[in-house]
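Chain IDs A, B, C and D follow the sequence of writing; residue 1 opens each chain.
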């Protein structure tokens, strides 16, 4: 497990002791995300999903590891690449799929689509189509928690591309000044749209920038779900105790294009090769051998159940009706 | 001379060898700024200047020290508190005063006012009423220099309040990625509008944040014009050689209110006392004794000439005509 | 009834709503201990504390986005943006988030947020501190826009706006900050409904629709015209979105003449919308409708030019006189 | 004449102007080596190099501000903002800086900057990726706004816009990216003047003013109507600011009927401005003017709803038929 720390010392994930229960949960979540994205990709190719979608294949360890540290009353804010985050925080894959299929039973009544999936009751404040807003909305949720005196925390997901947006700075500065209970979780997945890390970030690691705000910053291996979990858990516990924000950066890799259908001619051969080898699920299978009380065949079982759950969700969603014409002008304003 | 360095070592200003010529020039500029602001304050109190004005009394060493390192072909971008910067970069005090008096001969034909004084031919790209834009406009000028292959540099002035704006981050990140010839010069003058440093910045020094971009950051004593000069000169030389950006933060103090007429009830007794003792001009007089070839009586002479120049400028400006009605709709678009 | 200044009516509205509902918080630059750059939040910090009255850094995009996030999670934030011009820095969270979240999220959330700001001219604040951008916000479904012109409307509209479950943009006039007017006594829970225009003066010859501080100019013009025997009806829309076209149409049906006055630009402004709506409704007009607005130029700092820039009572009266001349 | 796609006309315009004038640079997200998310900048990086074709971080406020600073100091920047919705993130440098600097600085500088962006709906991109904000920009003195609807107008307007000494906002239609049309052959320096509307189809019964991709819908509606013996004149304004009211007024004087069609919201939109201007001009109308626009709601992702949302040829035709019915 590779993990570099800035301003804070992180114990190795194994050292932090991953229980079999946690390992099962992390594995299950990753398998559900993987399958969700695979099915979305297939259905999109078949022309069944309108608009455009951004998938998190290869990044499953980030969503799974980070969200497993949260309670139901905690919040996440997400991005355009949000399926994994939403699933990991407890959104229902069937209603998510319904949203991708633009059906009335979707989380957004089919009006939002992939980029606007939210399940507010489950603490999922939504994917978002505007790069960087997850961080502003995130500190807002953290502000609510602070004002209301609730013992909860927020994780704001963002990408290394978003780290160059002004709102990243504004949000981290305010979170630090106000000591808000928030973890800024950066998925550095090697690309922002069509361009590499260096086009967007002037230093090797986004996590370095935590020092500019005076809170901890940690770079963690985003292939390693146990490392992600252990690192974020520490930051979450600290935030819950009133210790304020932290920045966690996971080095991960986006297997697919920016959007489904992206010709990806900006990717090098090495990039394409990496998409074959960088696999948090395979890695977790290997690591699972070290987790006391966890049997290898259990993982197969978890994986096939996860596939079943997602496949059923997709089958259900595909058969639903489009929203009625009246939905066009509903929910623009609150009912008077 | 107090000066702290981040990421870079700064030789003491004295060590850097201030010549009598430079010392005279720095002293003269400071005296002109001081007098300009005093006269503006008086005229404003008399109701002769419309709108609102923001003065830089107490901050003279920043503008004088920083701009003395520049050539005419270099650029500055400035803020709402820009009189000192414009004077120091070579703008004509008479035309500046004319602008404050809203006269046709002002730099903005009397239509811009204090917050929009510019002398583009002298490299003064303008004061600006929008906090933070000096940094975006500044990197734009630096981009021009880079694209055109000109051997010039830019200084972008901003305040510690502006450092919390997203554009500060966006500009510094881009400057670093593109290695632009720009110095970000932060005047940390203890207040942003009505609130103290800590409301706006989560760490003790803005200069620390340079590390987040991978370029040098230096905090310097903003009372000490020689220190400011020596520090900025080093950064300017580095930028001119193609070494890229730097961030210089001067700890300084705003004597007056945010705007003239500000009741300043947010200032403590200690703050009010500091406005009596923090004086870069007095300090320079003391330090001048160490500068070889500089006589004390010379300074008196420089000071009285500076007063004379500014007083004449104000007298001239006060007697001018308002712009004609036709000026109302001129210069909205380029002539076809 | 008690005399109160425009800015004090704002303070009172904030105080009453914060007292009534602890979910209401206030955030913005220097709204806290210092009491605000126009003294508009004086005393609130002392009463409600640092948790609910929060000074922000100069980060409009970030803190408006934060206010939206807070509104999604149980608070009812009030946000100050000192000058209307700076709202350009937070259009994204207002337009892409606040206005659309209810719709995009299938009705899961509302965004009960009120943003107030001081706009308009008349104080020689120059091109970057004098703009009037009501038209932008009104063009965005999901937002409501109010623009009070008197202390009592400030009180009543801001209170209603805070209770509204939608994002509300409240456009105050800098020039009116120190103006005084009657408001209901303390203890009265004074509410003005959003979306209701107010006939500030009745008349039958021409409908003068005047927004924000132009209501005062319109009333003065009406006095000038009255001396000449012309009776102008002065209507203050108070809300720009939703816009009370019912009241306007009823008036124009009676007067047969419409003149719209505002300090925002004419091109794509309120006047365009109102005139178009009246024409679409097929209301018979005795003269072509008119707009009285500044020229299509930035607002100059120069006092002599700004006086020409803003619609004056005389210019309004002149326009109306021309409308009444036989064709 | 050669067939070219809408996006290729953009690439050609950029290439020709960069070739002609080395002060022209291009910046934006992924405009560089990758060739753009719609392939709209393909090849430019290879020809003009990293210095003049620059990938930016995702920092719209910062890089548009930078473009303004560059325009003040000798360059003529072209800036891409991928989706029109993201222009909300850079309103400050556009409106407070680019539009006003010439005026505020007493004519010392001009801001020769062209910002192009892809807006509008029809591709199920959802509420944050489908907006049409022409009205905002048109409301701001100092800015010009163009909205080409065909490849040849893209070519001619973008080239003219780059040569214009003012900041120009070019609103392209996402839906039209792959549409093809005739353009003058390579080697022809094709320029379309800003501020000149184009009569895309002549007719004498009704004036249909259609903006952006609605030009296609308007032409289809005109075909439908022609089958019924109704001759619609379809006018494409091409520039929203300055707006060629001369052409519109001349047409309405002949037809006596005006219907404005756009995919921006009706409230405070182009239709309001055009209808108001026609009424102010006192043009006699045979029927009240009409707007055909989306409902006042965000643009839904749902394909079936978006089809209802956008004005369709049938809806336009229906509106026109109603205008022609005897009252």
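By definition in this document, a contact is a pair of C-beta atoms (placed from the backbone, for glycine too) under 8 Å apart; a residue touches a chain by one contact, two chains touch by 3 or more.
Here the structure is a predicted model, which is why all the values come from computation and not from measurement.
In this assembly, the chain whose C-alpha centre lies farthest from chain A is B. The interface with the greater count of contacting C-beta pairs, when A-C is set against A-D, is A-C.
Centroids of chain A and chain B (each the mean of its C-alpha atoms) stand 44 Å apart.
For the pair chain B and chain D, the distance between C-alpha centroids works out to 41 Å.
Separation between the centroids of chain A and chain D, computed from CA atoms only, is 37 Å.
Residue positions 108, 110-112, 116, 128-130, 164-167, 170, 173-174, 177, 199-201, 332 of chain B each touch two or more of the other chains. Residue positions 56-57, 59, 61-62, 85-86, 89, 92, 96, 103-104, 126-128, 141-142, 296-298, 300 of chain D each touch two or more of the other chains. Against chain B, the residues of chain D that register as touching in their complex are 25, 51-52, 54, 56-57, 59, 61-75, 92-93, 96-97, 101-110, 141-142, 144, 164-166.
On chain A, the positions that touch chain C within their shared complex are 75, 77, 106-112, 116, 118-121, 125-126, 128-130, 133, 135-148, 166-167, 170-171, 173-174, 177-178, 330-334.
Residue ranges of chain A in contact with chain D, taken from their complex: 50-52, 102, 108, 110-113, 115-116, 128-132, 161-162, 164-166, 192-195, 199-201, 258, 265-266, 322-323, 325, 327-329, 332.
Partner chain B is touched in their complex by these residues of chain A: 164-170, 173-174, 176-177, 198-203, 208-209, 211-214. Of all residues in chain D, those touching chain A in their complex are 29-30, 32-35, 37, 55-59, 61-62, 85-86, 89, 123-129, 295-298, 300-305, 308-309.
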